[in-house]
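Two complexes are shown next, each including chain A; its partner changes from chain B in the first to chain C in the second.
Presenting the complex of A and B:
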């Protein structure tokens, strides 16, 4: 906050979903701009860092690539802590991985809430869309409806292989995370008297502070 | 055993050859080393001996029979040590040993027809030994074959999705779908080697070993990381031996704790690890604490795969060598050795860079330096050894 022109934001983002749906591939595409059909299975958790320029700010995304096997659940849930957003990924060619989406979402929401009690922004990724859209077309599921009902802020058909919609999905998530954060700061400033903030702001109103 | 023409000679040399081939894995395979170690340090762990495959504990065996011992006894009794006393041509002995019946029931020791002259005692003894060897071979394969047959049945029922009605109740579903998960993981096991992927020469073997294991231990099922361990064993052993070594290896207390994802036990291991971490590398330990980098973040991958995923394969195999000798303690010692080796780099990093570094170690790791750093780690804390710290 000392330097208003080069403010840095750091967000922890979870990437979860069933085993083998392409979580690691999506991250590799997003961060390293490449794809390999030969990624190794993730055991535990892997990490990546993506740096974005966002409205003249630097946004750092700490991506937590969490192993998909349900059995690891008890262990990997500690990794949800302090995350600001999440991708839930399924494989359009494997209906079971889509059925698991609601499980992942419920699990996430039960383990993690923002300071204002809201759920973290979550974007649904229908990955491997280059290989067909069986799950999306056969079940007659209206994805918009599904997202609304299950609290996703958006969904994208993605392909890590063909580089489809990965950046778009990430931008959507970041947009919602920032909106959430601004929301929280605003309510904080409105609801509480914080001497420290007052001092820093030097007398400007809360909305001026927000826009800095 | 140069001219080893007798049956015993043939046996010994094939045994020796196998030992040469297995190298340090031989002890793992026979299970005797682990059986003894486990007994020493964790006497309570021994209460469930039924799971030990061909180790020293199975209750059915009665007293322990070491094939080499039997052979020695036989040789002294019969007064003909292999090399000096050629009797039967080597070829036929080899042939007999290669015969591996699929089931022990196929081996019926028939009475000798009455119209034939009695066998000389020596020959009778020799035949009995050949027979026992054949039974042992068959037994070794039998359990694997049974488990594999069961796995194949399950695969068939999965392949035919006619009855999609199986309820997916929470908890059990994960274990039930083990066989499905295996398929997804196999091609993601050492992909750079191109031998476990679909169409590769070892794809089916890895598939079979893991499938058989889930039927042998449905209570454990398939857990990610297993495919890497099985793959390393497949690279070193034949299929039947791989299955035995794999099941015995996973049966070790530390591996059981991890593969059953026994959270509290795992935390015990992590806590013990941190005791030695702080003792050996206090500065780095403080740096990790400051950055909230807990050991589970990097240890889970290292321990689950026994470093076979995180270290270059040749280095991983060297770690396995010592792990076979020293036991679980060495896995954690290796972790500390790695941290010690990269201490200077790590101290300059923040959380995310450390986490990235440790979950994806450099491709080129100086092997000798790593082992020097491992050797420099003291595995005693206030006069307490690893096992003592672990149990407190």
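Presenting the complex of A and C:
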């Protein structure tokens, strides 16, 4: 989908998590810089585009806002295809939405891997932090530890309503996506420098990212 | 409340106010920049065409007469009623006509009152029997999801922000969900209650429904509206249940059929979308799951459902042709888009905010033509 040799990058990013945690609100805040309490439940998937300037390059983010009920509907596999990163969102005022985080992560990792076999970069968002932080303080969970154990590259307390930490979280995700991409490119370069070593593995297609 | 002549007169003045409002809305829409707002307003339920015709035309008056004649007899000829309803039902007779066409009420006029009584009792029996179980362990997930979705069903229409209306929706959806465990509550079903509720409220009031305060209704009237909405929604869902069972096979099938159909009726649109890697599932899932309710203003959905209830298998089959006609309706805009992003944003935010009866009628006529032209074509999608 994206061509790494140009000065423009395009990444597909998923926004997932249980229903009503604020996925749509986060995206509207990030893309349109506003907030409304009046968004209707997302059906299937909603699409949005954010353009960033990143080290003199243009980065386009395709944001895929996936309906909170979809994990049960078996449709997520279709929506996940070719994504490079993900936000998993929960609502700090609703413990059940936090319990669902690991289920979403498992769903994601079981259906989507990068060309090098790694999981896509995923950032955890503890949303609605303007309304309290019950889930974060009450159950004694150490978030850093939780992220490490569950393969998140970072976590943020966010509020779409008060515009807290949304840009920061997005920048963190983009940074990791670019790092992943550079990693894959690196191994591709190594592959093409030493084609003989790869010969018996079959296939030396230079446009293929798969590092085997 | 008042003599019928005054009532009719009142109706006319409502007509005019709506038409003027429509006009203003149209102006606002036109003066806005090119892109429509991301969330289309559902509001503005006025029943009129958008051209701002002030009072009922002669043609409309004669249509209303025909409905009244047909409904007055001891046995309503449902076939005739279908034919008449296909091109739209006047709002004065819409509640009774919808109940007849959906099969909720019998054609025999004498039996209607007792059927209504029995069905309403039955519904409130369910409430008594099951509604307390909403906080039980095996039902609380269902109830929680409904509870989260109800305040955001039609968030911009004041009618639906009233606590008693939200409680009605919660009861209807919860009872339906636990009585249909193969699907349970699926997001989108909440939208499908709305047209019934609005139309059946209209049976009891003469003013605009959008800002109507339901606490001014008698308790019994509100209970009747609730039970009638439940049963008619159930009838509707019975016909499209595989849209909402696990993995939503009905929707998968219909989206595939839509793709197939569009590839036949407009190859350039189809190829254009394929070229930019837009998949039909990415936009048409919602068209099927919510029966286009998210793509059209509520007043248009109500008009659309007049025809869906008049057409055999309207919701389950004819809807596909309507979706195809709807997509191709935007062919110019689609072909102007030159990348995936632009196409997706267009297809998920189609500018229908100003639509009224006229636009829906054109759409339906085209859908009918497509159904005729393509239903029997070789290799073509068949039910």
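One rule holds for everything that comes next: the second predicted complex is superposed on the first by the 181 of 212 C-alpha atoms of A that agree within 3 Å, B and C clash if a C-alpha of one lies under 4 Å from a C-alpha of the other, contacts with A are read in each partner's own complex, and residues count from 1 in each chain.
Heads up, the rule we're going with is that contacts are C-beta pairs under 8 Å (C-beta built on N, C-alpha and C of every residue); 3 or more make two chains touch, one makes a residue touch a chain.
If you're wondering where the values come from, they're calculated on a predicted model, not measured in any experiment.
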Clash or fit, chain B versus chain C on superposed chain A: clash
Which of chain B and chain C A:41 touches, first, second, both or neither: both
Which of chain B and chain C A:28 touches, first, second, both or neither: second
Touched partner set for A:71, first chain B, second chain C, both or neither: first
First, second, both or neither for A:49, with chain B first and chain C second: both
Partner chain(s) touched by A:132 [first = chain B, second = chain C, both, neither]: neither
Chain B and chain C contact sites that coincide on chain A, given as residue numbers: 19-20, 38-49, 62, 67, 69, 72, 74-75, 78, 96
Chain C contact footprint on chain A (complex, rising order): 19-20, 28, 32, 36-49, 60, 62, 67-69, 72-75, 78, 96
For the chain A and chain B complex, residues of the former touching the latter: 19-20, 38-49, 62, 67, 69-72, 74-75, 78, 96, 99
Touching residues on chain C, where the partner in the complex is chain A: 38-39, 144-145, 148-149, 152-156, 186-188, 190, 246-248, 279, 281-282, 285-286, 289-290, 294, 340-341, 344-345, 348
Chain A-touching residues of chain B, taken from the complex the two chains share: 168, 173-175, 177, 180-181, 184-185, 188-192, 221, 223-225, 227, 261, 263, 266, 296-298, 300-301, 304-305, 309, 352-353, 355-356, 359-360
